[in-house]
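Below are structures written as structure tokens.
Next, two complexes with subunit A in common: one pairs it with subunit B, the other with subunit C.
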Partner chain A sequence: MINTKELIGQLCNIMSVTGYEHRGAQELTELISPYFDHVYEAVGGTYVAVKYCGRDAAPRLMLDAHFDEIGMIVTDILPGGYLSFSHMGGLDRRIMPASEVYIYGREKIYGVICSKPPHLQKPGESKKLPALDEMLIDTGYSEDELRKIVSIGDGIGFYESTAELLGNRICGRSMDNKACCAAAIIAAANVEREKMACDLYVTLSSREEESLAGGCVTAAYDIRPDIAIVTDVTFSRFPGVDDYESAKMGEGASVSLSAVTDRKLTNRLIYLAENAGFKLQTTVDAENTGTNATALTLCGDGIPCAVVSVPLSCMHTYNEIIDTSDVEAAAKLFMLAVCDEDIFREEY
Partner chain B sequence: MLNYLRELIKIQSVSGAEKNIALYIKSEMEKYFDECETDALGNLICRKNGSGKKLLFCAHMDEIGFIVTTIDDKGFVHFAPVGGIDFVAAAYASVAFANGTRGVMVPEAGLKSDDFKAEKFVVDIGAKDKKQAERLVKTGDTFALVPSYTRLRGNRICGRPIDDKIGCAILMAAAKEADSFKNNTTFVFSVQEEVGIRGSRVAAFNCRPDYGIALDVTSTGDGHGSKPMAVSLGEGAAVKIKDASVICDSELVRKMGEIAEENNIKWQREVLTAGGTDTASLQLAASGCRAGCISVPTRYIHTANEEIDCSDAKACLDLVVAIARTELE
Partner chain C sequence: MKKMLSGTELLRSLCMAFGPSGCEENVALMIKENIKGCYDELVPDRMGGVIALIRGNGSSEERLMLSAHMDEVGFMIREICEDGLLRFSSMMGSDTRIMAGRRVSVGNADMQVRGVIALKPVHTVERADRGKAATLDELYIDIGASSREEAEKYVKIGDYGTFESDFVEFGEGGKLIKAKALDDRLGCAVMIELMREIYTREERLPFDVYFAFTCREELGVSGARCASHKIRPHKALIFEATAVADIHGVPEVSKVAERGCGGAISIMDRSTIYDRDMVDMLLETAKAKNIPCQIKKYVSGGNDAGHIHKAAHGTKCAVISAPCGYIHTASDVIAKEDYNSIYSLALAAIERMGEDA
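And now, the complex of A and B:
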């Protein structure tokens, strides 16, 4: 049996800043190969992991979880051992000053984003956030030493800091979307081949954080799945966030109700869960799911998609929190879907 | 054509929930076309086998509407918009859900129209509390303003949703002439146009047409306080040259004008500075095609009373048939 917390921790420790997903290729392949028949890296940087049901001409289910994470990119190396940088994916500038980061150069080095002490700030300066291009990373190295290790264009990620909280909760960098990657991998590992109704293509896809489409679409173009389930994190509920666009942590996975995802498939997932005795939460994403599904639906001549989410709090920070029971609930749902023959029918 | 329009208006088809309207259109199209199938997203693709160039016409089946987000303790239904909603036009209008439940679109008391937005509105379905409301409506249900069809003076009609049920009605009426078509012709009734021109993209990818022509509505410059625009009700089929989503193929535009002239069909040139149509996705799907659009001039688009002149719709129908009957090169 896979230990969920351990697997998420291992996935989080594989650096996968948007655009640098290939960096962890060997590590990731070694980690997940035992659970699949075939693992390969597609042209666009997406890892495709296949588990066959063993029957000819079986339908194909694509289970997509983006593997990339938000981060930064080195834009220049400056006198004094400072680095300027730009974003890879949507960064929250409020959390940047004094954050600890790793720079993934020829070796992994540590840095801290500079913060101007309050004493030195001009009147009113504390009220506005510095722009990204006004921020620098202090590495402690001299410029000459730094140039030997770091090049312009190298990736930067927040400090690797997975930690256990009380109960089922864990926090750390890149829970978005390693938690959902774990759910997909757990489902593939645990599902019994004889019970599978389809060939399962798990895509740990690239570049979602930068383009909201990235590598999942190009991978799908080759896979040509009959249906697809996209799994990604969603906002956890807290004061000030509307109920309909959030889900409660610890109360299971959530499915998206949207004009752009497939209602029939979504309803089938709700039915499968209820039939198995557990409930799914729902979120409403009227016109755009904010996930790979919005683009994946339009791949080739069209792919019916549903979105299954895991609630997460502190999104796009270095301390994203998830509840592993939600990850396990999502994995359970994926196993039911993979074993359901009727999910591929035109009518049910 | 107008009989089709009346029927299509009655069948609610908010983006993402086009199944029922597709079934109705399919039942009619099967009488005139060789193959009618629904694709993975719900687009209805109808083929009339023939030799020559692959000619595709496309009208979208979906209409703008709303999706239920949550129901509060008072039994009021909260929602998010699906498609481009004008809340000034929607305030206090009647709405209908797919199961027949009716309601009124109500803004927060005292709210000025400048501040109208979805979060400030609820639908009052007459429920006394949350429990009663939840028996009729649930999260994720879609609904729309109540459909209507009214004859005005002369050739004019108003109601909703004319956008783009009129396009669908035109294609359905054109299908009756299918035996005289001189191209390999496909009619696509697309989904999810109102939420980002989505369905037609995969349908065009599937069909790989040489020519793709959308049928949709366009604005006019002849209304009360309209922005200047050289399109008027009653002046004929509008042949699109450009809108905010596409620049049409100039050779196809020229050809369409020429076919209209040859067949004595009244037509006008259309340059629309806002708005998008399926034309854009037809043009760019797979390795692309020569794309154009025939538009029905329409006032008050996306309101409870969209107004058209039937003579324009008839001109659009005639132009579709004339193009299909012209052997394209």
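And now, the complex of A and C:
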């Protein structure tokens, strides 16, 4: 049996800043290979992990979880050992000053994002957020030594690894979307081959955080799935976040009701869960799910997609919070979908 | 007997201790543990500080006070919400940019749980507001509880919080340290090491030396004020941490001090005009002994000296501050060599005062 917390921790420890997903290729392949028949890296940096049902000409279900995480890229090396940087994916500038990072150069080095001391701030300045190009990283190296280790274009990730909160909850960087990667892996590991109604293609895809130009699309073009389930995090309930676009943490996975996704497929998932005695939450994302589904649904001649989400708090910070029971609920749903023959028929 | 920690390891254990202003018990206990057998007497402190006395040989009537504060910047829990989130008051100013997203420890001296300073997702912030810092009202501490009932098992209103932050040695040759509370556990560590050195020497100083580890400096409700009334010192040497602004791009004129260049000696700040004789004595001692030190170049901030110099019959004060990057955040950064320089300068200055007494 896979320990959910442990698996998420291992996945989070693999640095996968958007555009640098390849850095963890070996580590990831070693971690997930025992659960799949075949793992390969597709063009564009997406990892494809396949579990076959063992029957010829079986339908194909693509279960997509983006593997990349928000981070930064080195744009310059400055006197005194400071680095300037730009963002890879949508950074939350509200949390940047004094935060901690690793710079992935020829070796991994630690740095602190500088914050301005109060005496240099103009009145009211602490209410404003510095622009990214006004922030620097302090590495503690001399410029000359730093240049031997770091090059312009190197990736930068946040420092925080996974830590436990109360109960089933954990926090750390990269829960978006390693929590959903874990759900897909757990489903593949636990589903019995004899019961599978399809070949399962889990895509741990690249480059979602940067413009959704996902590596999922090019991988899908190759896989040609009959249907796809995209799994990604969604907002948890929080003061200032509307109920309709958020789900309650600890109360299971949620499905997205959207014009982008396939409603029949979505309803089938709701039915499968109810039939098995558990409930799915819903979010309404009318025009855009904010996930890979937006791009994936238009791939090739079109792929019917559904979106299954795990509620997450503090999205795009270095301490994203999730509840592992929600990850397990999502995994359970994926197993039902993979074993459901009717899901591949036009009429449900 | 347990081996006493010193240097970086002593600093590590002190920084990791939970001790926001008003809840310094754990730090006080740790300090008492570390100064065992290195003083003649512990003087009771009604504010919760630790005051240790090393007696002189009786040839001088004067009393020297050394002072460092034990507390660190923190939070106080003010409400436990129905959904299990905690609302808090800041005891570290209102700059939310260095709070939002951080891990914290919440509780009291007996028990703490981990939390995260949570805020609504940036995606839900209106585009026009994306350049604004979160307000304190928008921040909550999330300990992972799903209801008020669950949260109340671990936290009560009035409990405290501090940053949770790893102690990291980094930079070229590991020359820098990042931790929470280096302001002013570094001062505490220097004083602990001074006590061990001074107490074990055969020859006593001419005057009594009081080592005061004080409370509530960060609130400005200074425990040092009461400690100095108790001690009534003639002279005081304060160990602090100061902002540096030595980062790239800051104009030379705005640089307060520079990490790696020794302790910063203040001529004046917003709380004190320091005693010129003591300042000169420190500078001369550093020069004579070839110990790195620098003059704090910006008139800003304040520390316990603000109270000590006015206490009782008045006290001649000087301060040696550790240059500390990103001070009052979870990521205080100091240079290891400054720790050594400050210790050496303080010891040399105390010896010098002994010779001059």
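The rule we apply is simple: the second predicted complex is superposed on the first by the 347 of 348 C-alpha atoms of A that agree within 3 Å, B and C clash if a C-alpha of one lies under 4 Å from a C-alpha of the other, contacts with A are read in each partner's own complex, and residues count from 1 in each chain.
In the analysis below, contacts are C-beta pairs under 8 Å (C-beta built on N, C-alpha and C of every residue); 3 or more make two chains touch, one makes a residue touch a chain.
Quick caveat: nothing in here was measured; it's all calculated off a predicted structure.
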{"item": "Joint occupancy of subunit A by subunit B and subunit C, clash or fit", "value": "fit"}
{"item": "Which superposed partner A:M249 touches (first subunit B, second subunit C, both, neither)", "value": "second"}
{"item": "Touched partner set for A:F85, first subunit B, second subunit C, both or neither", "value": "neither"}
{"item": "Contacts of A:F67 with subunit B and subunit C, given as first, second, both or neither", "value": "neither"}
{"item": "Touching partner for A:S258 - first (subunit B), second (subunit C), both, neither", "value": "first"}
{"item": "Inter-centroid angle subunit B-subunit A-subunit C after superposition on A [Cα, multiple of 10°]", "value": "130"}
{"item": "Which superposed partner A:F238 touches (first subunit B, second subunit C, both, neither)", "value": "second"}
{"item": "Partner chain in contact with A:G140 - subunit B first, subunit C second, else both or neither", "value": "second"}
{"item": "Subunit B versus subunit C as contact partner of A:T297, first or second or both or neither", "value": "first"}
{"item": "Contacts of A:P97 with subunit B and subunit C, given as first, second, both or neither", "value": "second"}
{"item": "Minimum C-alpha spacing, chains overlaid - subunit B and subunit C, in Å", "value": "14"}
{"item": "Touching both subunit B and subunit C, residues of subunit A", "value": "242, 245"}
{"item": "Contacting residues of subunit C [partner subunit A, same complex]", "value": "83, 85, 93-98, 100-103, 113-116, 118-124, 130-134, 138, 140, 142-146, 150, 154, 168, 170-172, 175-176, 178, 243-250, 254, 256, 298, 300-301, 325-327, 329-331, 333"}
{"item": "Subunit A residues within the subunit C interface of the complex", "value": "78-82, 90, 92-100, 109-112, 114-120, 126-129, 136, 138-142, 145, 160, 163-167, 169, 171, 235, 237-242, 245, 249-250, 290, 313-319, 321"}
{"item": "Complex contacts: residues of subunit B adjacent to subunit A", "value": "14-17, 39-41, 43, 67-70, 78, 80-83, 139-140, 142, 192, 195-196, 198-199, 201-203, 205-206"}
{"item": "In the complex, subunit A residues that touch subunit B", "value": "242-245, 257-263, 282, 284, 286-288, 297-304"}
